[in-house]
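Look for chain A in each of the two complexes below; its partner is chain B in the first and chain C in the second.
Coming up: the complex of A and B.
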């Protein structure tokens, strides 16, 4: 009696749990292999490549090991310093800050109860989504046309209003080109910020506001003392994501100006693409990539550190 | 009485102001694209006007020219095939993976793997491009749409897994346990029991994956070298090259390029917004 129990119990106790214990690994394995092939592999390859000199024509061969020469070249190049500055200030910081404030303002406005009461929610939501629905390439094409010196609406309206005598080629002048690129980027990427804030606002329970109102708080106090502090975690996520996405962005600058006029608007991403795929110097391109990742890695670390210390 | 009327009137005036102001702002935001649509219906000679006119004459000539006499239909076909295949595969793999993470809460390494999946969202994609070009070159996949399919599957996996995991967690386990007692294996449970129930979440994730592949420019630019393999964004960018720009073709192609994403978004507008925003907030 006792032996049959013993012989049965281990059989079902070992074999079946082993299969069920291995099952989750089988289920997640394909995805993990793809991610390893696509993210981890290239990242390591890229680091190796940044220490070699290798032409795009010699792919597959071993490059010449040059130590830190690529990094020395990249970091001593005034063009890189210009690109680093461009990536950090006009491309990333300016557009992230403007997106944060515009997005917050629009979300607070569109969260007003009148849109729900008058059944206008679908209308403003659809309109706000339009820029986000247009592919980035289309966004750049549309704005290039709007900003055209002769036939663009922006110049026509400015000339019509008597502000300008004749149209400005916004993308060809150093004084206006960054403003033009920033406009394209902010226009296309603003809806993500608005929608995220709007969702967060709508998740704030209404009794919180009602209680504050009963205690005598006015509309401004409710927004600044109750609503904004509750939005803080969402703001943190929005700032982190938009900063990293923008810092690494290639498409807006490339399509708007290809780094021009001259090299005035090159950012690290366009510089990296140019090094690897126009000048065929893959080692140099890889070194720029490593520098970019290091900067974003340090940014993310500092950001998380500050966030967690606050908590 | 007079007082109540007065506050009622003031409230109404304030509401009206907020509503009109909000709609005006949203219209201004949407204007650049609305303008592209209007331009695409103009005859050639009225595109290049020196003064601002909202509406002129109407023609479908530009669309006829774009679809018959430009390489755009080829780009459209390439994009539709690449993005559809990548979406179906990415969503299927994500569903299986999310099921594993959702139903086995305690396996060793689960937490670490999940963190790694989320971290890839913060990964700078540009640094992938040189090594991926080298890898695909060695595999003989440069200028082969398969390289793009693989890329778009990989790029979309992390987000899809993460979103579906949240969705599957809300589906009661009793459902799969009942199917298991009836003798279904895990894959059957995922695709016959879970998929029909998780359908709304799967659609949201699929739309997201399709649109992000549809919009992608850098991988398509570097990995597809010949004209007949280009996708819509790269093909469209070729229309406004450095030297010559056929603006009527650019505007028309822009409208056509946006139609699929526009339709998908408008279709799912309310749900998609809340789902995506919820995903963003959870992170």
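Coming up: the complex of A and C.
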């Protein structure tokens, strides 16, 4: 009897037919499949590889299962600890902090009303994007030539101006090599930070600034008490994204120095590449990759927890 | 109605005939892909040879593909297990056994028996590097070795004859360094896994009676290089930077063909360099003055270089292995070497070649050259050994480690790699 009543119930109202209830799932299914194929699949495969001993030449075959041996080897290797230090401090922390401050400063400058008044906003925004549209390979190649000890423009200018007697081989000396890599990276990656901050700044209503000014706030107080707090969510995203991108970055160090001179600039990404494609040990390379992902996962959790704990 | 039906039927037949004919034509024409990894500047003659093949064989058309050498192995390892990859693959001698062991190149033994390449497989150099368990997986194609390259005018100006020994080279380099931008000796001292430092380091060690690892008893591999021998090699090359007879910027240079070395020799910024033949020819073409080649310096025991080269392999997935074999036979023939300016890896063809006087250094070094067979047969991948040596020599040049520390690091890691390779 009850069954009859239910079956006669109208389609609308509290009880929806199964087809209607499943509709959202069907709609997100293609996106989920694409995510599974391109992201989850390789990630799971990589995790599987990290527990195997497998040569590059035997990829696609089943390797020998070795448990946590690859992780133990990677974590006990002093070269990995040095690479972790290089990845964390000179590559990531230094460049992210510099990009954050420089990016914010440039964004504040570009947001100045003078550009709008002179109708130059489009020009400076276009110029700032030049490094961003330069492929990293081209950017590093160009910088390597600029910094060349004998033929590079930078050294020729310094020697020509009488600052140096002879050019400095920036990428060959341990005292200068990290500075050179950081310069390349910051030059190429800074526009993302500038443009993101600029967009955020332009979305802040001018009424807030005007009201503060009427209440007697000076320019510094407006920036620190109104603008910066409103930029906080954007800053959070910028710091998180740039940190993850830089921590995992392979291109700048590899193209600039291949981890040299010696092993002075090896980072985790180049360790992973060397283990997989030079030593042909895919399991070890995969283990380095898993360790990198875990570090970034923990970083992201802590970062969001600390940043938004008051909420 | 009848007329319409007839017209439609005729049209259908015509279209079907066209489709059939097109597909039949496609079936008749075999498409092969040949992948090689030399830079485009060095393959002009190869392109001509392939164009000539395509013109003469309308039924077997070959597409030339170029890929950077560093990416080739990984790409093959990805493609071949997935059933893809080029039909014919250009391989460094040292790769063939690794690829064969994992089934990434086809066994050519039956092809060789049915229709031998060139003057027969016995005529080819370095077949030991292409053989695994008695089966041949690659046909040696080109061979090369290294020689010293120099500017005779700069040596004449300094009143120096070309140095015969390593010690004389160091002294000569000092005398050829003028302090106004001219350096005595330029070599790739970079720490990259593929840096040319590996070759020079081995020349020095081998010529002084040493080697990194050796099979001391059948199946028993040991690290045989002594710490003091490595220290001597590291100190020797580091002296060029300490004495400033090599520019410090070379600590970042990995390739023989880097403009800093090749162009430097041409401009007179470097008096002496060391090159493989193709790089020497490129340097010669752009040099402001005449260049010459000479033998690699003599050590305490002998004078030696390595016999390097390239082999050709066929993909086990190739749908046209017979046609691929025909093309391989063409590539190793005298016809190809008529336009492709490489040294063939066949004794009979080498004897036919006339070398220009400037390349006399290669002529003299070829009989003294030895392959990397010992290293290839060891349980340690050659690429790993190469990366280790380049890294530690680079660590000495940049002051990260003393030669003693770097030598100890090399020996400890080689021992570790041997132990791992045996397990």
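Here is the rule we go by: the second predicted complex is superposed on the first by the 280 of 311 C-alpha atoms of A that agree within 3 Å, B and C clash if a C-alpha of one lies under 4 Å from a C-alpha of the other, contacts with A are read in each partner's own complex, and residues count from 1 in each chain.
The rule we apply is simple: a residue touches a chain if its C-beta (ideal position, glycine included) is under 8 Å from a C-beta of that chain, and two chains touch if they have at least 3 such contacts.
Just so it is clear, the structure is predicted and the values come from calculations on it, not from any experiment.
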| item | value |
| --- | --- |
| When chain B and chain C are modelled together on chain A, clash or fit | clash |
| First (chain B), second (chain C), both or neither touched by A:298 | neither |
| Touching partner for A:33 - first (chain B), second (chain C), both, neither | neither |
| First, second, both or neither for A:97, with chain B first and chain C second | neither |
| Which superposed partner A:279 touches (first chain B, second chain C, both, neither) | second |
| Touching partner for A:150 - first (chain B), second (chain C), both, neither | both |
| Partner chain in contact with A:173 - chain B first, chain C second, else both or neither | second |
| Greater residue coverage of chain A in the superposed arrangement, chain B or chain C | B |
| Touched partner set for A:211, first chain B, second chain C, both or neither | neither |
| First, second, both or neither for A:190, with chain B first and chain C second | first |
| First (chain B), second (chain C), both or neither touched by A:45 | first |
| Contact residues common to both interfaces of chain A (with chain B and with chain C) | 56, 59-60, 150-151, 258, 276-277 |
| Chain C residues touching chain A - in the complex, by the definition given at the top | 73-74, 77-78, 81-82, 98-99, 101-102, 104, 181, 190-193, 247-252, 254, 260, 269, 381, 383-384, 387, 391-392, 394-401 |
| Complex contacts: residues of chain A adjacent to chain C | 55-61, 148-151, 167, 169, 171-174, 257-264, 274, 276-280 |
| Complex contacts: residues of chain B adjacent to chain A | 15, 18-19, 21-23, 25-27, 29-30, 32-36, 39, 47-52, 93-94, 96-97, 99-101, 103-104, 107, 110, 113, 116-117, 120-135, 137-138, 150-151, 153-155, 157-158, 161, 186, 214-215, 217-218, 222, 232-233, 236-237, 239-240, 242, 247, 250-251, 254, 257-258, 261-262, 265-266, 269-270, 273-274, 276-278, 280-281, 283 |
| Chain A residues touching chain B - in the complex, by the definition given at the top | 21, 23-28, 30-32, 34-35, 37-39, 41-43, 45-46, 49, 56, 59-60, 106, 109-110, 112, 114-115, 117-118, 120, 122-139, 141-146, 150-151, 153, 156-157, 160, 187, 190, 192, 195-196, 198-200, 203, 233-234, 237-238, 240-241, 244, 247-248, 250-251, 255, 258, 269, 272-273, 276-277, 282, 285-286, 289-290, 292-293, 296, 300 |
